[in-house]
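In what follows, chain A forms one complex with chain B and a second complex with chain C.
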Partner chain A sequence: MVLVEAFTATVRRVGPAALIELAGLIDGRAEAELEQSFHDAVRLSPEEVTLDFGGVNYINSTGIALIVGLLAKARASALPLAAVGLSDHYREIFEITRLSDFIEIRQEDSHE
Partner chain B sequence: MSVLQSLRRRFRRRTEDATAAAAAGVGPTRVVDIDLDLAPNDPLVPYLLQAGRPVELASLELESPALQQLREAGIVMTVPLISQRELVGLINLGRRMSEQDYSSDDRRLLRDLASQAAPALRVAQLVVEQQQEAAERERIAQELRVARIIQQTMLPEEVPHLEGWHVAAYYRPAREVGGDFYDFIHFPDGRVGFIVADVTDKGVPAAMVMATTRSILRAAAERLEDPGAVLERTNEVLHSEIPPRMFVTCFYALLDPATGYLRYANAGHDVPYRYTQEGVVELRARGMPLGLMPGMAYEEKESTLQPGEYVLLYSDGLVEAHNAQGEMFGFPRLQRLLAPHDDGSSLTDYLLDRLAAFTGAGWEQEDDVTLVTLQRTPGERAWRIASAPGNEHEAVARVMAQLEEAGVALPSRRLERLKTAVAEATMNAMEHGNDFDPGRPVRVAVEIGSNVVTVRISDEGSGPPPGEAEPPDVEAKVAGEQSPRGWGLFLIQNMVDEINVIRTENSHTVELVVYLNGERGESNGAG
Partner chain C sequence: MSESTSNRKPPRNRDSWAKQIDRLSVGELPAEAINLNVHGRRPTSPLQGFGQLWQKTYIMRLEGIPEGADVTPAKVIAEWKANFASFWPEGNNFYGALQGIRPGEVAVLNLSVPGGGRLSTGVHVIYADDESFSFMTPEGHMFAGMITFSAAEDGEGGPVVQIQALIRASDPIYEATFRLGFGHKAEDEFWFATLRNLAAHFGGSGAPALRQVCVDRRVQWKEAKNVWQNAAVRTALYLPVIFVRRLLRRD
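Moving on, here comes the complex of A and B:
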């Protein structure tokens, strides 16, 4: 059976950073929720916005475009971005697309 | 050929009236050819070799049939012609015309003559022998040409072209043509009979038996359905026609190309191999070679070839080939070499290459080598998926389920890449090709080869194939100089080993190719 999970984004403050916990599928339908969460995160006046991809099981090209949109917004407000919880596959995609040039990818696990 | 044998034959020539002349005694002016039977063990031979000079027969006391024969022909003196200590001929003389005895001058003259004549005669004999040998060689060569022509005339001109199958055949005769042959019989219902056989013996006799067997098999196959019955009938007919001590080993299989169902029987032929995903299995069925004895029954077996599987039929020329160390190619080696191959041609090429490597340079092929492969081409499974946002997940799930069902072992990382590629290509097809029109579904097909997975995603769009106009530049996108979108094709290209776009009048197909042995390896594109 095809699994279709709604996208959710939860924002909370963790120390000096605003953490956005992402879950589900990041595709075109995630747009409004993702934008809102980033807006909410910026309102916390953090030193950094951390995107937690731990609960994300799918990102498509539209999802990549949405993340590029966040990168542009962060850059405009001179806010550093970091990504945690990326699977090997999506980390590879961030590298191939060179999104990783604009968002610091942190690995909780040892680098393979 | 020994000198004496040649001597013996040459002495046998006679004039028409020689017998009469011998009976009457040689007249003073007569010249006769004597049919002298000088056996190699006749005591006259060593005596003459020892004497080495003209010998008067009257004084000889030898138990010699040849001597007796010479005397009866009226010969009184014989002069041995000796070359390199071998007796190459005799000069036989009757009584002198003067009726007197031969003088010592006569003897000396004869001795000198013999010493001159012997080497000349020997040279002449050698020339004749060489001519005879050349004629014999030419006869053998001619016979081989005939055998080869018979054999090649009998072999099918082309292999069957069957939808969903790849058939390949290879035949290389040994210098001394063996009795291998193969044949394909097409039936009106689409089924095809495959025959590989080997006649004992070589050359023309084997070729003749081969031609006969082929005709009998064809006649039997057209009348009878079951492979076992075909062999049984062939055996009955052949038994009464085949020369003694000759027989034919033969494997006969009847294939239904639509289902892959194969029924077969074997008359003592080398057991064919079937390559499956789980390994190599033998297609065994009991039965005696054809033509040995009447009333034989042939066990019949069945098997169904799955997509990607193949059967190899072959002859003993392959497995019984020897290398310079006298080691045999053998069945275990052949079995080990049967690995995944995308088509039969590459399999036969590979096996011949391995054979050449085994036998080494300068190998004189001992027997005919015959290879016939029938491979069911890797199958395609296809689904139609409605063009609606989110349905790319269904495409991905279908493809993954199919890979799992086929037991395709891809590392999870490559599997994830393929998932992304399938999702992106399906999204493109639904959105750009079919405008999210539910009435225009996207076709997703998976073909699993032995070493390759191909996913074809087709839309029903016309016009140029969907794709992004410009390559994505993340910097430009972040800076707002380029649309943040436009990643689809770029992602697909980076996720699979090969991408092909096939455009027809009313469809686009994006073909995603992933090699199972990892042509692109596990290396990460960005390092």
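Moving on, here comes the complex of A and C:
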């Protein structure tokens, strides 16, 4: 049996940034919650939005497209986007998809 | 602090992703293929393009599947990956690996363009699993972006198949065709026909629908330079050379 770990996104303020802690699976089913979390983060009027991937254990290509969409929205609002908590595998995925050209990837681990 | 990022267990879909590459490399192709604008080009994300950023979702339920046919989402994706080229509208060619769509493959596309011309470009398969597969486009393609093909059960009948593109026109010439409407129209008709052909392959039918959202209305003027790699212009310029070379080889 395959255990399906639902996607969750929690938003909180950390200094001048809005932190979105992501957990579970990022695929097409994550769209509504991911969008909502980004809107909630923007409502905090942060200087930056940080995506924390420390709790993410699966991303498929639809999930990457959702993150690209978020990045596009952040750029349209002139809001810097950063990523923390990426495993080596997901760093490579960000390179393959060229997300890394536009999102600051920080070495630090998750904020948990 | 959570478990260190470098110590985390690799995800179960690790092998579904392509390996990182800087530039595309094209393998052997059939003699009739026009191999231009792919080899040596870099893949582009939707962020590298010039035009407005669109999320276009073409969606269709497979209906009228013959009774007893085992048409699950996994079966649909397996068939789609194995026979991808055969579902394209007539006059358009997809030259991929014989084994079908696999992560890391590079395919050359020879497309029909309005006015009877041809356009040679390509795609890089960045992801493929049992439920979906995705391409990224190279520099010079009409779009900078990603396109994902998937199938799922929604509990209300046959499987639902979907093509979702997150794309920007690569340069001002392509963007002009989209602003004038015929670029979008051609794109939409192409994918609607593909979905209908896929349904017919399973002995069924379907009524494709389109949902589109403009994610970013701005154009990115700093990417206007992409016009130098425009595959339509380059194909038009190089085609006479290719035909002369082929004629000379025959003698």
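FYI, the second predicted complex is superposed on the first by the 107 of 112 C-alpha atoms of A that agree within 3 Å, B and C clash if a C-alpha of one lies under 4 Å from a C-alpha of the other, contacts with A are read in each partner's own complex, and residues count from 1 in each chain.
Going forward, a residue touches a chain if its C-beta (ideal position, glycine included) is under 8 Å from a C-beta of that chain, and two chains touch if they have at least 3 such contacts.
Nothing here was measured: the structure is a model prediction, and the numbers come from that model.
By the touch criterion defined above, A:Leu86 lies against chain C but remains apart from chain B after alignment on the C-alpha atoms of chain A.
Contact with chain C, but none with chain B, is seen for A:Gly55 once the two complexes are overlaid on the shared chain. Residue overlap on chain A between its contacts with chain B in one complex and with chain C in the other: 28, 58, 60-62, 64-65, 68-69, 71-72, 75, 87-89, 92-93, 95-99, 101-102.
Those residues of chain A whose C-beta lies close enough to touch chain B in the complex are 1-4, 27-29, 58, 60-62, 64-66, 68-69, 71-72, 75, 87-89, 92-93, 95-102.
Contact residues of chain B toward chain A in the complex are 389-390, 392-394, 397, 413, 416-417, 420, 423-424, 427, 472, 474-475, 477-480, 483-488, 490-491, 494, 524-527.
Chain C makes touch with chain A in their complex at residues 1-2, 4-6, 8-14, 16-21, 43-48, 53, 55, 126-127, 129, 131-134, 136, 146, 148, 150, 152, 164, 166, 215-218.
Across the complex, chain C is touched by residues 28, 54-55, 57-62, 64-65, 68-69, 71-73, 75-76, 85-89, 92-93, 95-99, 101-102, 109-110, 112 of chain A.
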